[in-house]
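Chain naming follows the written order as A, B, C and D, and within any one chain the residues start at number 1.
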Amino acid sequence: MKPPVFDYFRPASVDEALALLAEHGADAKALAGGQSLVPAMNFRLAQPAALVDLNGLDELAGIGDGPAALRLGAMTRHCAVERSAVVAKRAPLLTETMPYVAHPQIRNRGTVGGSLAHADPAAELPAVMVASSARFLLRSRSGERWIDAERFFTGLFATALEPGELVTAVEVPTLAPRTGWAFEEMSRRHGDYALVGVACLVTLDAAGRCAAARIALLSVGEGPVLAPSATAALAGVQPTADALRAAAEAVNADIDPPSDIHASAAFRRRLATVLTRRALTRAVERIATSAS
Amino acid sequence: MSVQAGHVVSLTVNGSPATRTVEPRLLLSDFLRHELGLTGTHVGCEHGVCGACTVLLDGEAVRSCLLFAVQADGHAVETVEGLAAGGELHPIQAAFHETHALQCGFCTPGFLMTLVPYLREHPTPTEQEIREALSGNLCRCTGYKNIVDAVALAARRGAAAGRQGAEAAPARRAGSGAARRGAA
Amino acid sequence: MIVQGEYTFPGTREAIWELLLDPAVIARTMPGTEEMVRVAPDRYEGRMRVGVGAITAAEFTVSVQLADVVPPERYTMQIDGRGRFGFTRGTAQVRLAADGAGTVMRFEADLQVGGKIAAVGQRLLDSVSKLMTRQGLESLSKEVNRRLASADPGSRSPNPGSLP
Amino acid sequence: MSARWLGERVPRLEDTKLLTGRALFTDDVDLPGMLHAAFLRSDDAHGVLRSVDVEAARRRPGVVAVWTAADLGEYWKPGPALVPPPPIAGLVFNSATQVPLAREKVRHVGEPLALVVAVSRYVAEDALDDIVVDVEPLLAVTDLEAALAPGAPRVHEALGGNVAARARQSKGDYAAARGRAHKVIARRFRYDRGAAAAIENRGVVAAWDAKTEELTVWDTTQAPIPIRNGLAAMLGLGESQVRVVAPFIGGGFGPKIMMFYPEEVLIPWAAMRLGRPVKWIEDRQENFYATTQERLQIHDAELAVAKDGTILGVKDRFLFDTGAYDPYGLTIPINSQCTLLGPYAVPNYDSEFTAVFTNRPIVTPVRGAGRQHGVFVMERLLDLAAKELGMDRVEIRRRNFLPPDAFPHDHQILFQDFAPLTYDSGDYGPAMDRAVDAIGYERFLREEQPALRRAGRHVGLGIVSYIEGTGIGPYEGARVTIEPSGSVRVATGVGTQGQGHFTTFAQLVSDVLGMDPSKVQVITGDTREFGWGTGTFASRGAVVAGNAVHEAAIRVRKKVLKLASEVLGVDAGELFLECGSVHVKGAPERSLRLGDLARKANPLRGGVAPGTEPGLEATAYFGPERGNAANGVHAMIVEVDPETCEVRIRRYVVVHDCGTVINPTVVEGQVQGGVAMGIGNAFYEQLVWDENGQLMNASFMDYLLPTALDVPAVEMRHTVTPSPLNPLGAKGVGEAGAIPAAAAFAQAVEDALEGEIEVLEIPLSPNRLFDLLGSRSRP
């Protein structure tokens, strides 16, 4: 289990990194935290001809507190997000999720941008970003563009990233008033790939009816999966236990879960409804408690 | 610069400088064990699950099997060999000995290196917190109970002696600086 | 691993039959196919590159042996693909049935996956096979429509093909 | 002789090296000019090996040698049959042992096809990718029942079929007992494969010194001496020319005593051929195929009981998956057959097993070695019987325990050591009483469980008994030497893999020679230090080697007293040993340091009396007439979430009797660790093979070892019924924790779900529970 030969580049700037990626094309891979890429290389399943190491690029790291949104540099490590008071205040859903991401040693290296670009269907961050209506800043030699998380993830390990393009930053919008959040996940052991996970935001109006909701699931499709049917079931209703249960059941229409040795598609459907119900319930409770 | 073979790596390991010329693909775990002869860092899975190869990079616990040696260039690495300063066991090592927290001892260095920064940042953990902190390290012999006891013992003593600060190595400050840069 | 499905194409059974056995079409529509040559009336050989995400697209040498061929009704494929990451082999049965103006293709493949792909990739096998099946059928359907269009510029197919 | 150290919680003497990273493990061996090996392994589970083209690999820069089976010439031989079949009447045994490199046919995924030696492991792995293998696939034999059907594909063509062995052992008349039964409980039980998964993978480093004509081999083995003897024979060397060192071993658990692994055969050969040291270190992916495993068995068993719950008889027919080869003979299924009887009086027993060749890696003992299957089947049958009879689970067990006056108890069948299965001693009632008390059995069933159920919680309790046959022969030996420095060296042949032998053996010597254990240096696993013995297995280290160490120390003590009485001119009876010196009773100032005595025992001038042996040194051997029977009770409380099918273990109690305890801390560590492995086996760990013999989870991502969050702290109690079979009265403990865990877990989960399901297979998983619960657990 030793990695194959590759060329190693350590650019001094993002521009140099972009130039290197453009120069080497499809054979090159950006090396961020490397916590998914390097195991794949040790198994010799990933055999990139060249690695462009982004770890020296401080300009890509950092957590910024904007008026309308929280901004995360792509190379911000999971551990920094996990420990950040700013994130806890501005994007509590993200803070609640971080401990589910693998293990402490992995979170000390893993990066936000790397996890999003890798787009593992079982990863937590993509689903949380979709639920949070986050948007990503993509940069290539030809310039920058913003893209909504929802449109960034295009399939199984597939994203809207063009060749030679990097995720450089993430913006997570501030929560609306009377918004509750929750993340629920089941895995065989703490830190394993989720069998199913659910991230949700629920906003109630002054009358306590559901004004808006975002529910995104992981490990139930080719990427993070939004649950429009479940959201529709909540629209304008009082979030009673029955209403939340109905919404959770509606999730079944939104997912096409895979089977593997740890969970059949049928079991994943069960988990998706249970965890969605639990997540919605906690999110609504949070609004109540924060209101009182 | 493209560097296939012959990439120069200069770093400090347990406080002393080291420079070697290596292939980019050389894993940090193999670099420490076979280039520097620091065989206390063990390799159990080489895909980032078992935690036996855990070392400190700029004070943070990382899997040395998921890093290339070239990535450690200019950084500070600490291994289990660096713990017992002047022959005296580190408080966590001593606690492991007293609570019988090791049997075959193969996974032990990884546990120790995970715990050194953890106890600095969490001087008074609960049992559940300790178990969560250990969840990235696999042990096949002990069933974990005595390891949990060892951490609790070390924490009690550390709290009593108020020595968390005293343990902070320069490399650690660099590490927390990096983390703070993220939070700034 | 069982991969099965049903797909409705516009066009007659004969047209679809001809299409499905055309090596050029196979090369264009089977995901990752780089080359596909009909080395004998009942045998194809070629190369595929299949990868997903960080997994490098590894080259597989593929051979397809036809058996039980009953035009334009049904045929069986003995598939054998080998590469550095392991192998895929097995049989696939394809049946065509007239359905009004169109043709229904029913397929069932029983595939073995071996080597690294199986040992380390089990979590993704189901998703990848679903994905490749869908991609294959979609490009096949595009191909059908392209041919129909070129065959008879006057009429656009009313039914662009649909997954059930 | 004071027993100052026996039974003390002496902190381990080996810890410091391990804690500071100074302990030598096999992969730490680094020799000048050392080369590195890697093996090409089969992707196919079953096939005709048409060709292995290594030309491109040989041409790769940095590659020193590449060998296939064809290149091995005369050296290519199937391995030895390790354990001959026991003398059971009518026994069928077909031996087929593993080969160094596959030739003509591949029989399981991961079977080695070629050996590459290169300047680094990295380059060696590059070369593996250059090798082209042509295999014509054959149908794989994976289903144990289908394998026995006429016309099934054969793993070994030369054999009539896929039957590796068949053996029937019985006593009494089960059919008659069945006729008298009030109820007969019959079920099918399944217990699937897992990996030992020591955190240290296997490894072999070999160096040939052409000048001294000595071969040195560092090997992660539990049995260095048999490895030396076998290598000497294979390589045409004298045993004294071969030194095998089992240094610190990162966990053994059974598979590290398989003999001989292809790598153990080939790496020393390669080192001699090349005249350079060669290192092979197994990686984790290889470990899932190349290291032996347990433990698929399928039992069709029935229990005949009287109205009052008395066991009238048991019938069992079971299939045992032995993998592609059967070098280890029948050890595992015979353990299952014997251990099923447990601590119970079973007047009529009829058990027959069929061992089946399959296209899966070789099966050899893994911690428990088939014992857990027997315990699982018997304890599950008793649970089901109790339910049918409306009896209490504990009561039906108590009613059938062998009474204290039943020992020694002969079960009239043979155990794995070929000796009659005879329990040496035991007292099972008190162990059950302690467990019932410790877990709070009555209170839980009467108060806690009903209250929690009313609150919508699903909690359940499991409580089971077991026997573990341990400490079998043939023998082990030890040499104890008092050195002029005053320190004591103990050398023994057993390897050690974390069991604390460096400390427990020192404790045994300390009491006899009156010194601090820290002054006793124990050397194990180096054939140059001690050349006679078998190895560490079957929970026998402390029992067999421990008694040898103890006896050797006693002989040295005799020499000490004899010489000291001459030197001091007092009767030996007037002397006592303390603090590393010999003292005269009543005049303790008249004393001699043992070191000085050792010097006097090795004079440089002058004559000695005829028959005098120099030095203060003695060697002793111990071989028990048969194994002894450790026993215990495990009890646990679990909580099940029927919606997600997660199971949490809330409490775990173990009452354990391993006879005389040398070091309680070490014993408790062994039990806690064994329980962790048992829990893994019960709920987390399963090697998943598809119908083509492909392993679907050959990594720690998908093969789930329990973590610190999954294993509870075990609450431990000891009872002590010393074994009459050895002077120390010790019984084994190494495997105990792992054996009954699954049976207790199954009972507890059933109880938590209020008997909605029957758990008849292990391992469970949330998905399996979901399937079992079916519609009965709508969210």
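The definition used in the following text is that contacts are C-beta pairs under 8 Å (C-beta built on N, C-alpha and C of every residue); 3 or more make two chains touch, one makes a residue touch a chain.
All of these numbers come straight from a predicted model, not from anything done at the bench.
Undergrad: Taking contact as defined at the start, I'd like the list of chains shared as neighbours by chain A and chain C.
TA: Shared contacts of chain A and chain C: D.
Undergrad: Comparing centres built from CA atoms, which chain ends up most distant from chain D?
TA: For chain D, the chain whose C-alpha mean is farthest off is C.
Undergrad: Using the touch rule from the top, point out the two chains with the most contacting C-beta pairs.
TA: Highest contact count among chain pairs: B-D.
Undergrad: Calculate how many whole Å lie between the centre of chain A and the centre of chain B, each centre taken as the average of the chain's C-alpha atoms.
TA: Taking the average C-alpha coordinate of chain A and of chain B, the gap between them is 28 Å.
Undergrad: Between chain B and chain D, what is the gap in Å from one C-alpha centre to the other?
TA: Distance between chain centres: 31 Å.
Undergrad: Could you put a whole-Å number on the gap between the CA centroids of chain A and chain D?
TA: Result: the chain centres lie 44 Å from each other.
Undergrad: What is the distance in Å between the mean C-alpha positions of chain C and chain D?
TA: 50
Undergrad: Which chain D residues touch at least two other chains?
TA: In chain D, 122, 129, 283-285, 688, 696-697, 699, 701-702, 707, 709 touch at least two other chains.
Undergrad: Mind pulling the chain B residues that touch 2 or more other chains?
TA: 23, 25, 46-47, 132, 135
Undergrad: At least two partner chains per residue is the criterion; list those residues in chain C.
TA: As it turns out, chain C has residues touching two or more other chains at 84, 116, 120, 122-123.
Undergrad: Treating touching as the only link between chains, describe the layout with one word: line, ring, star, complete or other.
TA: Graph shape, chains as nodes and touching pairs as edges: none of the named types, so other.
Undergrad: Let me know each pair of chains that touch one another.
TA: Touching chain pairs, listed by label, come out as A-B, A-C, A-D, B-D, C-D.
Undergrad: Touching residues of chain B toward chain A in the complex: what are they?
TA: Within the complex, chain B contacts chain A at residues 1-4, 7, 23-25, 27, 30, 46-48, 51, 54, 57, 60-63, 65-68, 70-71, 73, 114, 118, 132-133, 135-136, 179, 181-184.
Undergrad: Give every residue of chain C touching chain A within the complex, in rising order.
TA: Touch list, chain C to chain A: 52-56, 84-85, 116, 120-128, 130-131.
Undergrad: List the residues on chain D that touch chain A in their complex, please.
TA: So the residues of chain D touching chain A come out as 121-122, 125-126, 129, 283-285, 643-646, 684, 688, 696-697, 699, 701-702, 704, 706-707, 709-710, 765-767, 770-771, 779.
Undergrad: Across the complex, what residues on chain A touch chain D?
TA: 1-5, 43-44, 186, 188-193, 195, 248, 261-264, 266-267, 270-271, 273-275, 277
Undergrad: Provide the residue numbers of chain B that touch chain D in the complex, in ascending order.
TA: Those residues of chain B that touch chain D are 23, 25-26, 33-34, 37-47, 49-50, 52, 79-81, 83-84, 89, 93, 96-98, 100, 102-109, 112, 130-132, 134-135, 137-148.
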